[in-house]
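Remarks on the structure that follows.
As written, the chain order gives the labels A, B and C, with residue 1 at the start of each chain.
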Amino acid sequence: MSASPVLRVQGLSKSFQGVPVVQSIDLDVHKGQVVAMIGPSGCGKTTLLRCSAGLERPDRGFVELEGQPFGHERHGAEIRRQSPRQMDRMRPKVGMVFQQLNLWPHLSALDNVVKPQVVVLKRTRAEAAERARTLFTQLGLSAKADEYPYALSGGQRQRVAIARALALDPALLMFDEPTSALDPELVAEVLAMLRSLASGGMTMVIVTHEMNFAANVADRLILMGKGRIVEDRPARGSVK
Amino acid sequence: MTGFDFSLIADHSALLLTGAAMTVYVVIVSFVLAFGFGIVVALLSFLPGAVPRAFLSAYSIVLRSIPFIIVLFIVYYGLPFAGFHLSALLVGILALSFYKSAYYGEIIRAAIVALPRGQFESARAVGMSPRQAFVHVIAPQLVRGLLPPSTNMTLTLIKESSVLSTVTIGELTYQGMVMQGATYAPLECFAAVSGLYWALCAGTAWIAGRLERRAGLAQKAAIDRNPLAASFLSFERPKVRR
Amino acid sequence: MFEQAYLFSILPKLFSAAWVNLQIALLIAAISIVMAMLVTIVRTAKIGVVNGAFNFVASFVRGTPLLVQIFLCYYVLPSFGIDLEPLTAGVLAISLNSTVFLSETMRGGLQTIDPGQIEASLALGLRRSVIWHRVLLPQLLIRILPLLVNELTIIIKGTALLSVITVVEVMRTAQQLAAASFRPFESLLGAGLVFLVLNVFFILLASVLETRLQKRAT
């Protein structure tokens, strides 16, 4: 493939208070791939995800989104930090679905999805609402558009969080432990949803510690341990 | 007892209403000052290290321990010591604002602490700038968290302002005493004064209620965030969030 | 000039006056707790007129300043033939205030009690009075203990207002000392210190109780 990878991570390292959490990671995620990152807690997978999403600055190394530097800028041979403003502009390219979802409790489900479109992408309210309603229909949330997050079930909240990320037309969708905040019986539901997103061609990186889940949803498995990639192989249950 | 003489109240209505207006004025100015100072105090308490938090605790414990009437007199007699010669009204407003700032500071701090974690980050993750995140995500939630306790505190502020009568500030209680001195009719005087305070408090509560309603489903959302509140205020079991 | 020596010299007098405030406050607290329990129990009987009357009184008490209520008890009650000593009038006013507040606190506390307990008690054939006495009140009082202690500090602060109706307590003593010495600032500062010492003890006690109870609850 000649096109740039959706996500390219090069030599990325990050330590917290002197403790290395992620060490010299290289990783390319190509368009349409569904990558599951698994490993024990504390192996650095969430930190890698957060660095890739521009929520943390790596100590060393680079992140590129669709060939564009994210978090740094090249000026000839010189490499500088990217300005916060430029990073804000890049961030919507990565849709992040947090472990705790972090829906905004003061806004209805629909407004949770409309607000970022209006504020960040400067869409009109009508455009944003139309986009949100389309996503809600796809995700089976139409009836819940006017509910507030507190009135939604765990699974519904997660779908709102996914809609919020998708509404910004990200190149890449990232999930941090999508099953850990849910009741076990909802895991199958999440799985089905991720699969349908994958079949729609969405590029996804999913951090999880559940091997079964990872094997079922992903077409590529990345095993992490002690801040490094230990294994990178195709997954058995590849959906395509 | 010779019955209730409404004409006495009517005759002194101008006096009483002047007093009520002064109370409203004092309360509004003190509220703005106390709340503003409370914001500063609350933000200071989030500075790193144990010292700022300890300072806020000490500050609030000291002010919560001493009756307002004594704080008022200390400020009243103390400012001249420090070389400030201010009018009784200004001294009263300063003392009341200073006294209440500790309480507002605690309320504001609590509202900030009660924000669900990750709200700022999720706003940043969709590409909002820090300023946008504050305006669109943090501030609306802060307002909801702040409204109910601030309303209570402001009702207390209205009531506590009556103590200013002891340093001859012409607010409602003071004018009631003036009327009582002129008429020797305590029943009518204090009935009128109480009624006006009652109306002021009810009016404030009404305005606050409207604001809360305008803030949407504030209370429900707040209950959901706070299982402790839910156990007091709701008849449904709080949703478990891990 | 600020006279430290004078401030120290009046502290013994102020502390002995504080004994008056403390005694009054404890008396008021005792009256209020008992009254609040009675009122709360009566309110749960859900008699429309009674609860309506309580709500009216509560709204009045919460909507008017304590100082005005003290004046009401002292200056107005005599017009109804009830002539009270300053101290009695003050105790009445503050007790009324605390009773209303505590009854609301208890209502909040009641909502935290598992309804299953009532069913179990009724199933065991306990009488209503026994359920209150043996099951509900003890739990309720323990649950609201930090709030009770907190209310005590509010009562103690309230006793300073009794100075305006000539009850000789800390504030009044400080004013008398100020008049005799022409040192009002030091005298009032002394009074402030006395209240600080008195209330810091109770405020710390309340926070200790609160953390204890929270630990027990988890």
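We take it that a residue touches a chain if its C-beta (ideal position, glycine included) is under 8 Å from a C-beta of that chain, and two chains touch if they have at least 3 such contacts.
Everything quoted here is computed from the prediction, not taken from an experiment.
With centres taken as mean C-alpha coordinates, the chain found closest to the middle of all protein C-alpha atoms is B. Taking each chain's centre as the mean of its C-alpha atoms, the one that lies farthest from the centre of chain B is A.
Averaged C-alpha coordinates put the centre of chain B at 21 Å from the centre of chain C. Rounded to whole angstrom, the centroid-to-centroid distance between chain A and chain C, based on C-alpha atoms, equals 56 Å. Inter-chain spacing, taken between the CA centroids of chain A and chain B, is 44 Å. Listed for chain B are no residues, as none touches two or more other chains. By the touch criterion stated above, chain C contacts chain B in their complex at residues 2, 59-60, 62-69, 71-72, 75-76, 78-81, 108, 111-112, 153, 157-161, 163-164, 171, 174, 178, 184-185, 188-189, 191-192, 195-196, 198-200, 203. Listed in rising order, the residues of chain A touching chain B in the complex are 53, 55, 84-85, 88-92, 94, 96, 98, 100, 102-106, 115-116, 119-121, 148, 150, 164-165, 168, 180-181.
On the chain B side of its complex with chain C, the touching residues are 1, 61-62, 64-71, 73-74, 77-78, 81, 155, 158-163, 165-166, 173, 176-177, 180, 186-187, 190-191, 193-194, 197-198, 201-202, 231-233. Within the complex formed with chain A, the chain B residues making contact are 116-119, 121-130, 132, 136-137, 140-141, 144, 215-218, 220-221, 224-225, 239, 241-242.
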